[in-house]
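Next up is a structure, given as structure tokens.
Letters are used for the chains, namely A, B, C and D, taken in the order the chains are written, and counting of residues starts over at 1 for each.
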Amino acid sequence: MTGKRKIINDPVYGFITINHPLIFKIIAHPSYQRLRRIHQMALAYLVYPGAVHTRLHHSLGAYHLMCNALNELKDKGTLITAEEEVAAKAAILLHDIGHGPFSHALENKLMQGVHHESLSLAIMKQMNEELNGELSMAIDIFTNKYSKRFLHQLVSGQLDVDRMDYLTRDSFFTGVSEGVIGYDRILKMLVVHNDELMVEEKGIYSIEKFLVSRRLMYWQVYLHKTVMAAEKMMVQIIKRVRFLAQHHPNKLKTATAIDFFLFEFGGVIDQEVLNKFCILDDVDFSAAVKTWANNEDIILQTLCKRLLNRQLLKVHIQTMPFDESFIESKTIEAQQKLNISKEEAGYFVFTDEIVNTMYKPDEEQIKILFKNGAVKNISAIEDSLIQQTISAPIKKFYICTLD
Amino acid sequence: MTGKRKIINDPVYGFITINHPLIFKIIAHPSYQRLRRIHQMALAYLVYPGAVHTRLHHSLGAYHLMCNALNELKDKGTLITAEEEVAAKAAILLHDIGHGPFSHALENKLMQGVHHESLSLAIMKQMNEELNGELSMAIDIFTNKYSKRFLHQLVSGQLDVDRMDYLTRDSFFTGVSEGVIGYDRILKMLVVHNDELMVEEKGIYSIEKFLVSRRLMYWQVYLHKTVMAAEKMMVQIIKRVRFLAQHHPNKLKTATAIDFFLFEFGGVIDQEVLNKFCILDDVDFSAAVKTWANNEDIILQTLCKRLLNRQLLKVHIQTMPFDESFIESKTIEAQQKLNISKEEAGYFVFTDEIVNTMYKPDEEQIKILFKNGAVKNISAIEDSLIQQTISAPIKKFYICTLD
Amino acid sequence: MTGKRKIINDPVYGFITINHPLIFKIIAHPSYQRLRRIHQMALAYLVYPGAVHTRLHHSLGAYHLMCNALNELKDKGTLITAEEEVAAKAAILLHDIGHGPFSHALENKLMQGVHHESLSLAIMKQMNEELNGELSMAIDIFTNKYSKRFLHQLVSGQLDVDRMDYLTRDSFFTGVSEGVIGYDRILKMLVVHNDELMVEEKGIYSIEKFLVSRRLMYWQVYLHKTVMAAEKMMVQIIKRVRFLAQHHPNKLKTATAIDFFLFEFGGVIDQEVLNKFCILDDVDFSAAVKTWANNEDIILQTLCKRLLNRQLLKVHIQTMPFDESFIESKTIEAQQKLNISKEEAGYFVFTDEIVNTMYKPDEEQIKILFKNGAVKNISAIEDSLIQQTISAPIKKFYICTLD
Amino acid sequence: MTGKRKIINDPVYGFITINHPLIFKIIAHPSYQRLRRIHQMALAYLVYPGAVHTRLHHSLGAYHLMCNALNELKDKGTLITAEEEVAAKAAILLHDIGHGPFSHALENKLMQGVHHESLSLAIMKQMNEELNGELSMAIDIFTNKYSKRFLHQLVSGQLDVDRMDYLTRDSFFTGVSEGVIGYDRILKMLVVHNDELMVEEKGIYSIEKFLVSRRLMYWQVYLHKTVMAAEKMMVQIIKRVRFLAQHHPNKLKTATAIDFFLFEFGGVIDQEVLNKFCILDDVDFSAAVKTWANNEDIILQTLCKRLLNRQLLKVHIQTMPFDESFIESKTIEAQQKLNISKEEAGYFVFTDEIVNTMYKPDEEQIKILFKNGAVKNISAIEDSLIQQTISAPIKKFYICTLD
């Protein structure tokens, strides 16, 4: 007879089962519950109204895929102990615990120079103390210090359950059905060889499909120009707030947890900062934007109002850098329209570039295990779709303008 | 050649097409965009993590079903002019525009005595002025003053596209696949007879299925005991805030739009109140709860912290009222645990009842049009599942306790 | 470490895994492969073009659900040995092995007085000999002689995986999405109590949904009047062939396996008959109909041609028996149109009745296990949709006519 | 007010609507109904048990996509008359009417040198006479003689609704979800420019996805080695029957419509041959295989029995031709096992090659229409996945052996 057991409805996978005390403890923890208040896809919902799912939901989904992956591998004869199993599940549940408000969109903006993975680790360690070391093996797996490398690869690797879930979940909630990957078939094709995660030969086309779907999701969804415009506006808002705060910080206070990170945080992560971080979420930033929409500064006010009301900056994308003269004319238009200086117009008119690579043969090592025992990187396989020529980074240039 | 045209990805229906200037104007309006920040299912996401979809998404979905319904009816020969068509679409897009934060869960709590439908109407009228009367026919349809009654019935009736969308969408996002209705078949079975919306004879089983799914969604989702516990906690929070505000209102201010409705609103809806309402949303209430979680009042602080961290009240449901002695013992437990008075313990220990009826033959008139021209209420049909005996209201009693 | 392992793509469940030698042997057996050539839904594809799935596919699906059900029960602490597990899986794989051409539609017509379950048992026993007794436990489970009753109930009971699969699969392939049941949730709600299969309290609404979906599938699909007309035509064809064969059997020979059963079979099932049965399938009957479409007998020819070309008899259904005078007038019409006798017209004009009951409280015992340990039949539960009044059989009358 | 109207349930698209007299006539025609008895995917169901869908179902699905495509194009301003609309729909409904038993698998085998498209045309012309010329425009579109070229391209071109449906439907029924294409998005991206069908710029990734899915479907499904083995066995059966028929044709007669094509057809298609063809279908060949399974010729008997019981030849695939010595050793094995001559062993042991090309830039012209009015072949677009290097044909070699 087993102990407590709970099933959670998930529109993506049907049911997710929780049946281990440690998993219950993690999920019940306030730091984990905080992930309910962080959008998985930041502001993508401004283009894809269904994309309002949360980091918590994603990490539960990744946990579910981890359960399936471990079962498949065990079924194929890979030795995985009960302790390793729960550790791997704990590691994936916690892999995103260090995400801040609006995840990647604001990464490095609220806490400059701090990556979410290092925050994840710091929070895991703190939880591990509370849990008397029950998370030690999970942390070893997360940091790739555990002997069975493939467990780390399942958490963070080319075919980890993290990206399998986010591609699946993001395509599900956006309704971009073309982004769907065959996660269940990929899981069935996984195999451990020489302690490394590989893919069976007959899974090659599923992997191609996976990489092409990812490429499609990047260009069609994650780097969608309107989504990008919205997220850049968030960044400009923070930039403006920091600028204004040099003189009148009090006029910018929002009575939310974000104040500390904007006006007080000195760059060092200690216990107190971590505690403050663990109560920070999308609600704080959203509430702040609503407050700043009434700020007397026309730049800040305009950015916030337009973000709230989805009157976003216009974006153009092209494969060549934009002409200086074009940028200047757009800048002048913004100056005139809002009656602001050239410098201030820079909050509304700016260019940047985006780069995405379909598959990096040097870094990304998706290994195929052939029936005859040979192992090849997928990009080295004859007739593979994934080859050098396709692996060059694609760079695009964009400009945001007022209208 | 037609004019501007936009398609929106929807995970539920695939693509939603917008192709009329008035519909574009409505969607672009800040009051409509506000619905992005109101959860369709309030706190149901605490049980169903996928249920984070918004009022905006629901109203777009209902709009899509309206488009389909109108096409089906026209295809069957019902006369609907182009103007009526866009008016019906506008009416359904706006039907929920008067919803406040956390919709039904907080209905009547922030603005006591004010129903969301009257707010919807007030906001529509205001938008109608801005739009120089372009919404007049939509308002007539919404208020059932328009001559073709069936258009109102599509917006608000027993088989309106509102409930068809919310049942479909809510079951989709919760992952409660059993709640799925055959919306597409029901739409194809709709027919207008004597200016009234009816269902073709061969649609009877689809209607049965619709009513049974609705029943299932109520008991399994909308009235799920844990969801109810969370929503009752929100109500207790507001009650406590109002109580404390009698003495120290300033200590309860949150710097959000909710302050006005809690501490200043006098009960009369004028232009200014309406304007303030149109910037109020879930973010405000969520931010307020985060602020109050640090309030010195132990009752308020406890309620807020527990809500944030999903440490919800326990709920028991039964078909009989709870014994006074049981309630009292639970109250004493709460008193002791939190070191509070009996009266204060009432914030954590309380009982109430819930009632739901599968189908009310007297009020709900789903009419079936037989091939021979006869018209019958579905509950009057021989062998129908939906009969008198099944139509009695079901009442259940619940108690919330601290643990 | 396991041995051979195969995954089969299934559009309904994703992947079905085969991983036991006995299961491989059963599936590879010619008698099992024969099920590929028997439509699961007989002639329903004449109305629902997607409904061309096979008995083999259904039994694989039921096997898959059995795997899941056994896992759930074991996970809840029910003791099931590895041997029992494979026996239950074998039993469900073989439960339909005795189905003849066009299953239920021709049941009792080709082999009068022989039910498919007794044929299933006979074939199982024969296979058991070939397999040196490996199927003995499976046969005991199938015939309810095995001590753990719940295993039989999973194969054949009120909530067996057989009907869970056929309702799910038939609604999937017909596209009648309203017939979908929540099979995965029902499986998770199953529990063994006193050696009997029961449903947890919180599964009540899923069971209601299951029964309502079944009701819908019966009236909307299985008893669809056009499907019924087609299947009655098959029966009339056989009746005519038998009639004609009294005089000129050779003119009716088809060179298929069906000849034996129509012209030679004497009613006793011996080894030889069983062997002949095991090569009989839909192909034989379909080929025979194509041959008979050229028969000189106008009755037979007409029935066959019309069935082939989907020029089916017309059907009317009503809740009262049809007037004699109406039947007579339709008979006369047929006589005149085809220039045949009154008796012969009876092949095209005839009436009968159909009966279906949503739930029979006396026979069907879906038991609910309450949290407090109480056990109730679902029809005895307060507020249940499934009550006496709804449990009366529904009888309808139909008439087939030439046009 | 419209006339007769019928909806057909389709598991893939939900509902398919028929609402024009000509379409009703086509569907009711025996030559069209014959397509119910021809598997869309020949013997693929031996590997994918769900793949039992029919040519009729596919052509209905293609018709449905044609309806949607025409609506989209009209909505974008392309002029299409009501007559053209129904003609395009008729053309796609009939595009596969010339398929014989087991479609591609037996193409050129029963009627050597006759391609199914010329048969389709011949049958269309015959139906056109029966229908007093109502199909003339449809035939012009089918044969690309109609002035608006894009109508032909929708029926038969790089992005025609034929392949959109078969890729969608085949991946649906096989359960190979990875083959799913975004047909609805592709349809929304179609545009007519210079009377030619093109794709809007933002549809590029959908097209990439479409080509990659097609590639996956070819290698994983259509050219699946086990499917290929089964289909080659069918070809060997016909070869053997033809060989044996040189001496004893009567011993090979099957009493089915296939006899004519095997033993009498002289290569000229006249009215009579066409009539015989229009009653030929999978049933005939399947029944013949069952009959031949009892033939005294060991080669024929073995091939037929093994095909029936799914004891298929083994297949190996590799990128290099097979060694002569390997082939010879396998041949000898077969000779010994079946006690047959070397020549006869060639029915069981043989090699061949398969070639598939992802995209042929020279022949396949998927044109992209850019916002600035430029038109480019998709393989000529910068950063496109579909480039020269990827467009080389892939050739593989296979060998079939007895075990």
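Observations on the structure shown:
Keep in mind that, in the parts below, a residue touches a chain if its C-beta (ideal position, glycine included) is under 8 Å from a C-beta of that chain, and two chains touch if they have at least 3 such contacts.
Since the model is a prediction, treat every value here as computed from it, not as a measurement.
Among the pairs C-D and A-D, the greater number of C-beta contacts is found at C-D. Averaging Cα atoms per chain gives one point for each, and the point farthest from that of chain D is the centre of B.
One finds 31 Å separating the Cα centroids of chain C and chain D. One inter-chain figure worth recording: chain B and chain D are separated by 49 Å, centre to centre, where each centre is the mean of the chain's CA atoms. Centre-to-centre, using mean CA coordinates, chain A is 43 Å away from chain D.
Among the residues of chain D, those touching two or more other chains are numbered 14-15, 177, 185.
Taken in their complex, chain A has these residues touching chain C: 1-2, 5, 7, 14-15, 19, 75-77, 184-185, 188. Contacts from chain C toward chain D in the complex involve residues 8-12, 14-15, 28, 30, 33, 36-37, 45-46, 48-50, 52-54, 56-57, 60, 172-177, 254-257, 279, 283-284, 286-287, 290-291, 308-311. Those residues of chain A that touch chain D in the complex are listed here as 177-178, 180-182, 185, 205-206, 208-209, 212-213, 215-216, 219-220, 319, 358, 382-383, 385, 387, 389-390, 394.
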